[in-house]
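Below is one structure, written out as structure tokens; the observations come after it.
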Amino acid sequence: MMIVMQAQATESEVRAVLEAITHHGFQPHVSRGEERVVIGVVGEARHAEPDAFLRLPGVARVVPLSHPYKLASREFQAEDRTVWVGDVPIGGQHEVVFIAGPCSVESRSQLLETAHAVKEAGARMLRGGAFKPRTSPYSFQGLGEKGLELLAEAREATGLPVVTEVMSPEQVSLVSRYADMLQIGARNMQNYALLRAAGISGMPILLKRGMSATLDELLLAAEYLLSSSNENVVLCERGIRTFETATRNTTDINAIPALKARTSLPVLLDPSHSTGHWAYVTPVARAAIAAGADGLIVEVHPRPAEALSDGAQSLKPERFARLVAEAQAVAQALGRATLQEMPYVAAD
Amino acid sequence: MMIVMQAQATESEVRAVLEAITHHGFQPHVSRGEERVVIGVVGEARHAEPDAFLRLPGVARVVPLSHPYKLASREFQAEDRTVWVGDVPIGGQHEVVFIAGPCSVESRSQLLETAHAVKEAGARMLRGGAFKPRTSPYSFQGLGEKGLELLAEAREATGLPVVTEVMSPEQVSLVSRYADMLQIGARNMQNYALLRAAGISGMPILLKRGMSATLDELLLAAEYLLSSSNENVVLCERGIRTFETATRNTTDINAIPALKARTSLPVLLDPSHSTGHWAYVTPVARAAIAAGADGLIVEVHPRPAEALSDGAQSLKPERFARLVAEAQAVAQALGRATLQEMPYVAAD
Amino acid sequence: MMIVMQAQATESEVRAVLEAITHHGFQPHVSRGEERVVIGVVGEARHAEPDAFLRLPGVARVVPLSHPYKLASREFQAEDRTVWVGDVPIGGQHEVVFIAGPCSVESRSQLLETAHAVKEAGARMLRGGAFKPRTSPYSFQGLGEKGLELLAEAREATGLPVVTEVMSPEQVSLVSRYADMLQIGARNMQNYALLRAAGISGMPILLKRGMSATLDELLLAAEYLLSSSNENVVLCERGIRTFETATRNTTDINAIPALKARTSLPVLLDPSHSTGHWAYVTPVARAAIAAGADGLIVEVHPRPAEALSDGAQSLKPERFARLVAEAQAVAQALGRATLQEMPYVAAD
Amino acid sequence: MMIVMQAQATESEVRAVLEAITHHGFQPHVSRGEERVVIGVVGEARHAEPDAFLRLPGVARVVPLSHPYKLASREFQAEDRTVWVGDVPIGGQHEVVFIAGPCSVESRSQLLETAHAVKEAGARMLRGGAFKPRTSPYSFQGLGEKGLELLAEAREATGLPVVTEVMSPEQVSLVSRYADMLQIGARNMQNYALLRAAGISGMPILLKRGMSATLDELLLAAEYLLSSSNENVVLCERGIRTFETATRNTTDINAIPALKARTSLPVLLDPSHSTGHWAYVTPVARAAIAAGADGLIVEVHPRPAEALSDGAQSLKPERFARLVAEAQAVAQALGRATLQEMPYVAAD
């Protein structure tokens, strides 16, 4: 941490800062420039609060020097990590993974039909919502445990491991009985009680970026999971909220290489939510693979016009099959291995 | 709901839409313009999913005509509502209310000193965090139940009702035993399990706007509470996330009259979070009252430089006293009653 | 400027940075922390390019220590400045100023009727667009020079000095012949050719913040004017673009105290554009005065439903009169002088 | 245009709206729903001002039904357009085009070295700034006409057509004498005087998206050019401004398919500005081609650490060569032709 003094700070203000640093158990290191004094804080723990120093008279700014996260950082673990969900590897040198299925589990026939179709198209995992976070209390809220049972049945029928969303700490054990991977949704990325419960479960976690979360905040949410000794964390960009209304969200494609530079955790894209429109899903899915993503999670519905949620952004199975083919063509053209050689920059 | 067909939509595409509308139990009403056909959906329930129609061939757009929320709307209840917390009224024709206290409860002496000071300065309620949602797992997470006990003690000592944050459904009954009002924080505005639990509790709720939530989404979150038969809901603007980095958040001052136009629920501002800097808290607090807010919730700490959280944005008690004096001067200059006469527009 | 090295930077990388600093004519000052090396750049000119150092191997970040602007900073001139437009003072200890008039000059009668009405209501200056920047080429583009003539006639008739927008460098001398103050619109805040031409003219300038400009960028645009030896610069917040669509723009009310902390130039608010809806103009206008703004610029039209532009956000004259009365009540309640005593923080 | 009345609008308010519609020369078409009346405006010209109706009592909203742009729309011209710059085709079925060169022209040797290098690497056009829009007046502002001469010399030496930025209307003829294509920069996207001058010149135009411009606004800026009878317009996404600070801008990759759905004009990406960091340029460049972009414009500098501007985001020539190879591999894997068959949706 560096404490930047105001240009007009007095000598006694500087002295008070030095004392405060010592008082907190750190050591100060003073640099006197032509215009102002800058004081380094040596020996700081990662949890030192910049606010403590910001309020001292004469202080202009406090500049953190380290990442706020540690276990999630590439400095902590340089090598790309692989997260296994059943027999499916995500990340590392493994091939790009396709996860697909309906937004919501609506019925046995809808789910089984979709599960078989996405498997045939190349999906390695099945997604589907049983507990649905809906903006309106009047929207379809999901089938609940019945939905979980259907997901488990679909796994038996197809062999595809299942990922599904968990919305509160007390659901964690229930959902863990049926699913192979727990999804923490965008709205819950900073639901810390849920993060702790999911972390302790030890289950593989698909952690979606909040719609206005910075990359640092996403990695701090991952840090909550990792610091509960759960290393099975997969990050997922799903679009951020911006001023642009032509699409439901804005796909932050920069996030893929920028996350890869900061962490060795696997990174997926959800092009269904990040675009909100079926016609843009495939081009953006190809783009994600080209940018270095480890896989995709895609909403597929046999009859999107009848879907109880997210029909506008769901692909029909035949379109999903084409998406898989095109995304794989991109992956092969680039050679997954090649991408990993990229000299990723150290982030700030 | 209006379904806008594409300019080049065919007659059979129009017919298919009409059938779908009938199939869903609604009645279509067709308008043929020069360039395109527009179809009204009559008899729609509020929970009809626009997506269902958006996926039909030839459909360009689906335009909702009503608010997505109902119980929260000013159309549903025109008159300004008053929410009582103990003997303190918030909203309606009542005078502006000041809620103040530390970001986190840190110790008995810190809390009691602050509680007495803010009471003397004019606060009618005490705030303080026992369970703290922190971006980093390494930051101070609050005293937990011990903090709740101290809050209850401070209430006994000062007579100020207490509001404190609840972070998960299972905390609701615990926190309700100690507090007079439950705060749903910005990060949890769309934590639906928590909203349902808080709604059912019947406790007065302070609902903070999510940092990237639209006003419609905030009102839909309120709708979750109201539809659980809990009418004691107070809304709180606390700054939104934008591109500007000169302040921690951007105070959306427009939100105050825009919310007042849409709902009769009381509306507060939290200038501490919405600015993130103590020097901007007072000017923005005055602005909120001038814009018609029903009150303020402000972070106060006797020694901000020693605060375990949010020190940069906390006011010292003497500054808070000045804030109260200035905000009350504004309220008196305008006459609270006058503000209520404003012919608020019907929102979309 | 501080150069923060990566944690794993080698000694020879550090050496190369030191050489580069010397090569650029500055002096390095090295601080060796436990985790990483930080190097201060002493003697730097304000125009040193951080990029030069950012590309050197082993460098993690470059942190500027000074403002990028100088002449616009409060450090350069601490005392609040007053800009005179004819006999109307803006800023300093002077009373809040109201500038009002139609969005576009549409006709002689419309302009004169409005000018007389706003004068009677308390306006000290007249606004009105002759050259209109319109998003669509098919929208009304303004009356051009004819509009300028009408503005000059309205000034003769009412005694109100006139401010109007100038859209390109070659218009500067033409508009200067008719107007008392030149407006640089939000879309042109970074039109540097225009800034230079307006700067050289010596005319008082009303500089509007771009809709996605940071406060630093606004102050750098002012610096273009000031560095052309034109000190007559008034800043104007007019709303920024965010994700919120309930209002046309988001009024950044924080910008008022945050600008006041950074500069002694006068600061106005344009609540018409910052809200986009007539019903929100008055509450937000009051808020701006409460937050410390030096005045307001407001769109007024005698018959808004017939306006050729911005009808939705224009006030009728009688509503404007009420706005003036309420905003003045706020100003008096607070005492303008009092506001100036606030110990504004040194910005970063 | 549809006029949505408030639920509680009176019959006489409805009648007043009908009269206003007739008064403006259009025909009303009334739909009476259960909850509210909706009125279609038939025969509207594209430039009808929604504001006119928005201010009438009882009106809740005005919903435009058509695009605000016409000549730029895919409905106006369905087939993908090709813009020729010298002998280089951009768009249509032609292969993806690479435009490269330094941010600023700094010297004869720097430019010629770069021009030869990028040609060898596969670039078909040369970029380079002679007039530079810089946020700070103290930054390097470009070599001006001397820079244009050097660009022309580099074209002679390499055969690469040249694109360079023009910053004001009076520069258009000067720059046109030296360059093959004029760039309108992001800050000037809504500089209408410049758009008109550039339109009239008849020169091919590279129109960059403003950093907070919606796609509709970008297409309206193109409409200014097209309505001046200049059809040689190429659009360029260059990143938008969002809350995320990990990268300089946020690449809106959705914009590529979303623009392709709305217009048949060619669409490029500038990954240098859209990421702001050399290490992210190549992954995002590949992504753009995968998403269907017609080409890339990339900043290349032989010694980025010595660049006078944008050094952090400039690629060394050898990295640029790798970018070209990888982007071409993606283009080939997908087959440019295939992409064009995509059934692009009609936008709203």
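A few points about this structure:
Think of it as A, B, C and D in the order they're written, each chain with its own count starting at 1.
Operating definition for what follows: contacts are C-beta pairs under 8 Å (C-beta built on N, C-alpha and C of every residue); 3 or more make two chains touch, one makes a residue touch a chain.
This structure is a prediction, so every number in the text was calculated from the model and none was measured.
Each chain's centre was taken as the mean of its CA atoms, and the one lying most distant from subunit D is B. By number of C-beta pairs in contact, A-D leads when B-D and A-D are compared. Between subunit C and subunit D the centroid-to-centroid distance comes to 27 Å (mean Cα coordinates, whole Å).
Our note on geometry: subunit B versus subunit D, Cα centroid distance of 38 Å, whole angstroms.
The geometric centre of subunit A is 30 Å away from that of subunit D, both derived from CA atoms. Multi-chain contact residues of subunit B (touching two or more other chains) are listed as 212, 241-243, 245, 347.
By the touch criterion stated above, subunit A contacts subunit D in their complex at residues 212, 214-216, 240, 242-247, 250-258, 261, 274-275, 277, 279-280, 282-284, 286-292, 326, 329-330, 332-334, 339, 342-345, 347. Within the complex formed with subunit A, the residues of subunit B that make contact are 20, 45-47, 49-56, 68-69, 133-140, 167-171, 187-188, 190-194, 211-212, 217, 220, 223-224, 227, 241, 278, 304-312. The touching residues of subunit D, counted against subunit B in their complex, run 2, 4, 6-8, 29, 31, 33-36, 38, 40, 42-43, 60-61, 63, 65-66, 75, 212, 241-243, 245, 346-348.
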